[in-house]
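Structures given as structure tokens follow.
Look at the two complexes coming up: chain A is in both, with chain B in one and chain C in the other.
Up next, the complex of A and B:
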């Protein structure tokens, strides 16, 4: 394989485990749930939504507000971890797909205000579809590119797309740097204005986790892993390597688009400033720091980067009594750089991988 | 081992736990209660979003520190009704996508009493609905957009500075009288700021005189094509509704083309010290050396508060004293003066709100009208209007400051006539604190 050295994730023991045949003992232990992946995942998703509902209701308004951006990052990070961890491609431009989703959402949903809480589902779906189409276009090109060339092409996308809003002809529709305003979702009885958008975002995350977990265990997920691990072997087995790669880009971009729509909802605005190159790099940092190729890694990594970018960096500069806003703005990128290098050197499995390794060490050897 | 199952479960659990863990600093859930947030017996906390970094930072980043300096001065003299004014301003980088998060943080985490002097038309437009839904006073927005004066839709929002349409009318009136028959071109920021200004200009300047209108987008610093079209129009006068960075870019781009028209610049984009600093910095980046101050002499602009060019003015003397004591590192320019003047207006409003200020109380107090203070024209505040200063005075950049000429003019943002102001500016209180 040509780009072996460029794959960010050298080895994921969990993936190998997932391909291992089921043992009889585990089948016994889990009974009916073990026979149906779908049923099992659905059960977890329902329990998850209930837990998150409790969480949102019990947190204070300021805590819920701090969490507001997290669902958007989680959705995009799930998409990115699918692309990078599962199909072995890379994207330094996922912020651009988020932007496509955000603008699609911001252009459509404000016009559908008759039953905003129902039409929001349609607007989310539109955001996913339009950004998935963008992903298909990029994916076709991506399937011909390898390693640094693919990284460069997607980076160019992240740099170029936000400046499209400055175009004279487009700016009357996209409102230039000011961007499009997004109304807030009217909260139903029992929710306040902070809880409701957060809960909407969290539901989206659970649905996406459910879908992606199923996808990873399906034939599609296996084909992606096969293509990632050895393209020649995969094509000899009858898989269309470019087809699988494009499909990974489509799904991944679609998820990023949903993340973008959630970001627009949380910011009440879709504007180019939110989709800078920094966002794309932050997403990559989130999936690598969290644990590449793992869904819980994408979740942990997203929580980490949102808190660091928006809160901890400010707290840190305050604690060091650095008053310049420029330091607080650039500190997260510096930290990501250091953490990415460290993760590659000492903890290729990221936070989640390291925790798993620790748990494995703590277990008595068999 | 059942990986994806564990993954999903772990994912859910981690999401809940991580979120719970990093929420931190949660402050006893719910309940704003009837008493006003941000007000204690000894203090009142207000918040603001400001461009401390980014494209609008040059010049504007001095405004909040200057306002804070004035509040510090008040605090060291006992505060207002025994309350210290705590002013928390945070950076949004003039980026509309950051303003919402920062504003919600101020309301929910810092529990501020009011948002004060939040800066920027495109930025503040994102939060004005939210603030009014939450019934948070949104006082003296640092932008001259017409949008702040809409009592029916935004009962808690008040403007402060002269709005861009009034400014455009007064500049336009001057241009009509002094550049009759000359070719005129517009350069403007392509959002409500620039468009409101152009609206005012168009009410006064005959359209037959206007040869071209060129817009720029904030964030795109390449304005070569606009500059070329302006040069090709051979206009005698270019009127610019721009923030300081783009005024400087305009000047340099025109200079490069060897085209040297007379310039008229909106108040927000014409602070002389900011402009000359920017011109020199931009030229240096491009490998050239210019004398910024020389380049801006004679630029026509306008002002609605007293100018540092008038050192005998009692307000200038008061603010200079506070500047020298609290923020001597910053230049004593139009931005610093702006910050202190708007802080003075807030102190007036807070005093008028009485011994126990409430959110509704301060709104009522402002609607009862406020004295113009350091302004050269009166405020329009009333139970039907939430607009700030009602006019402006033409000025010309002379040396390091704007020299105001003629008499202050007043008008409205509709088709009302432009008339000389009849109000006279009061002298500054001797102790520097608004009298009750």
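Up next, the complex of A and C:
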């Protein structure tokens, strides 16, 4: 990329090329797969689930335990990428949508324990729907707001919503700071109690990735990009700009809600402390560090953030022989903060963008 | 009726604190069109410095306040010069993300130095027990009076700085039209750095004042995040662009929150602030005091 100007949405030349009409030779090479995006994505999804199944089965219990929180972050980060990268809006309040999803899940699923592994699908769906409704409410307000105003309003949401649990009247339902407890999913034959929730979460991720990848290549995705790039041009082309923006918020909040439900399942608990402002900002850090606007960036960023928070920070402090728990606990946040600022200053494409840039540099110009 | 007035009295001092935070946001918005989301982290950090001096090293309240303000000046200036300057001309979301990065980093640093688990209390400057009127206890204490006077003094000083001094004139010129100011020999870059420094110093005073209003206020996150939201709400009520609007916005937010907390339901002030913020933005997306502005398309 030649532009050294800092851009929020780094357009990737290779992405664009893959969407451009194909030449006859490339169509011949990949056959029906290159003509049908849906088929290609579905094939990737099925292969992905098989690979993940092998991965979960072959990893040690402790590794699987380490990976436990990753699906929740990936789901929410996919939602945020869709919003920030595709529709050009910003949300500092995705932790709040995760909280809505987590509480919906934690209120419903423990009551549906007759066939827990079947009803969990319904509870996930309920979490997505309820947080999507919350997203619709916020989205309607957000469609009128721009840049810093929207950032401030969603930040207020992230600060405000967890305080709802402190309210005396709601406290009897939401159990205050302590939160709601969530039972664990009974594992079927062949899985243990660490593998099964992780596998459930990873399936959710694959389904979301499949859906979102298709959405991005569809008419809806194109309208979102059009609105992001130029609102006036988009509305002149007959698009309803507020409609597209609200839709982006709805889908994005729904995905964050599923992430919240997965977080509640992984933590066996839904409590306000888990959905602080710092969660929202960590999600933003995940998508920016991974690479804004690309799904692979959301996945890479989420993995990075979870591993850094829970494991690498500890290893790092051990390696530097820092014994203070205060330093170890706050090291990941410090790193996100520095990386967020650095990403904007030197590498707006994040990890994925930088890697692609290196590949493009290494390749001789055509 | 007495309760209504008494609650209003109780809201005034908080409102003045919100006004000071809002002023610090408005100053930066006016000069660089950036909302400084790191303001919450900056004033948290400077308040921790003050708290450390007062409680751990037994330094006098006023000396600690002075050091906190001075460190605000330094943090604000350095932040502008090092972090914000490179993204000032980019797309509007880049500075938002940079200031958020600074916010997280400051919160993490404070947690590293002072710990997250305990919440500390900052001693108020004066007595926090309310005055009495006859047999009634007023929700207004000598410390509240001190807060009101301090913030009012800040407002007057800022007014004098911007309207009556040559430096203030240059700062306004740099904010109004950087290109023309440069042609006329104004060192725009330095003035922007100075503007951020002064803004962060105002925030630092607001932080110390806020920390004295309730016990357990001083912690890396939580209350200061809420204070940032209140300050932003107050600034938006005032239109983000008008210092007078920031003061009016802060005071009205203080009163509204005090009444809502007592008459509707307690413990959910941040939600009220969110509702007020969204309501104001829905009616006037540019705030109540802003001039109608055309958006560049």
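By definition in this document, the second predicted complex is superposed on the first by the 349 of 366 C-alpha atoms of A that agree within 3 Å, B and C clash if a C-alpha of one lies under 4 Å from a C-alpha of the other, contacts with A are read in each partner's own complex, and residues count from 1 in each chain.
Assume a contact is a pair of C-beta atoms (placed from the backbone, for glycine too) under 8 Å apart; a residue touches a chain by one contact, two chains touch by 3 or more.
Since this is a predicted model, take the numbers as computed values, not measurements.
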**OP:** Sticking to the clash and touch definitions up top, decide whether chain B and chain C on chain A clash or fit.
**Re:** clash
Original post:
Should A:239 be classified as contacting the first partner (chain B), the second (chain C), both, or neither?
Top reply: neither
Original post:
First (chain B), second (chain C), both or neither: which does A:207 touch?
Top reply: neither
**OP:** Would you check which partner chain A:269 touches, where first means chain B only, second means chain C only, and both and neither mean what they say?
**Re:** first
Subject >> Contacts of A:129 with chain B and chain C, given as first, second, both or neither >> reply: neither
**OP:** Would you sort A:166 into first (chain B), second (chain C), both or neither based on which partner it touches?
**Re:** both
Subject >> Touching partner for A:178 - first (chain B), second (chain C), both, neither >> reply: first
Subject >> Touched partner set for A:47, first chain B, second chain C, both or neither >> reply: first
Original post:
Is A:157 contacted by the first partner chain B, the second partner chain C, both or neither?
Top reply: second
**OP:** Name the chain, either chain B or chain C, that contacts more residues of chain A.
**Re:** B
Subject >> Touching partner for A:316 - first (chain B), second (chain C), both, neither >> reply: neither
Original post:
chain C: which of 114-122, 132-140 or 240-248 bumps into chain B?
Top reply: 114-122
Subject >> Set of chain A residues, in rising order, touched by both chain B and chain C >> reply: 163, 166, 168, 326, 329
Subject >> Contacting residues of chain A [partner chain B, same complex] >> reply: 14-15, 17-18, 20, 22, 26, 30, 34, 37, 40-41, 44-45, 47-48, 51-52, 55, 58-63, 65-70, 74, 163, 165-166, 168, 171, 175-179, 181, 183-184, 193-194, 202, 205-206, 209-210, 213, 216-217, 266-274, 294-296, 299-300, 303-304, 307, 310-311, 325-326, 328-329, 352
Subject >> Complex interface listing, chain A residues touching chain C >> reply: 5-8, 84, 90, 92, 141, 144-149, 151-153, 155-157, 159-161, 163-164, 166-169, 230-232, 276-278, 281, 284-285, 288, 324, 326-327, 329-334, 336-345, 348
Original post:
Within the complex, which stretch of chain B touches chain A?
Top reply: 1-5, 7-12, 14-16, 18-20, 22-30, 52-53, 91, 93, 95-101, 104-105, 108-109, 122, 125-127, 129-130, 133-134, 190-192, 215, 217-220
Original post:
Can you name the residues of chain C that touch chain A in the complex?
Top reply: 29, 34-35, 37, 83, 86-87, 90-94, 96-98, 100-109, 111-116, 221, 225-226, 228-229, 232-233, 236, 265-271, 273-274, 277-278, 281-282, 285, 295, 297
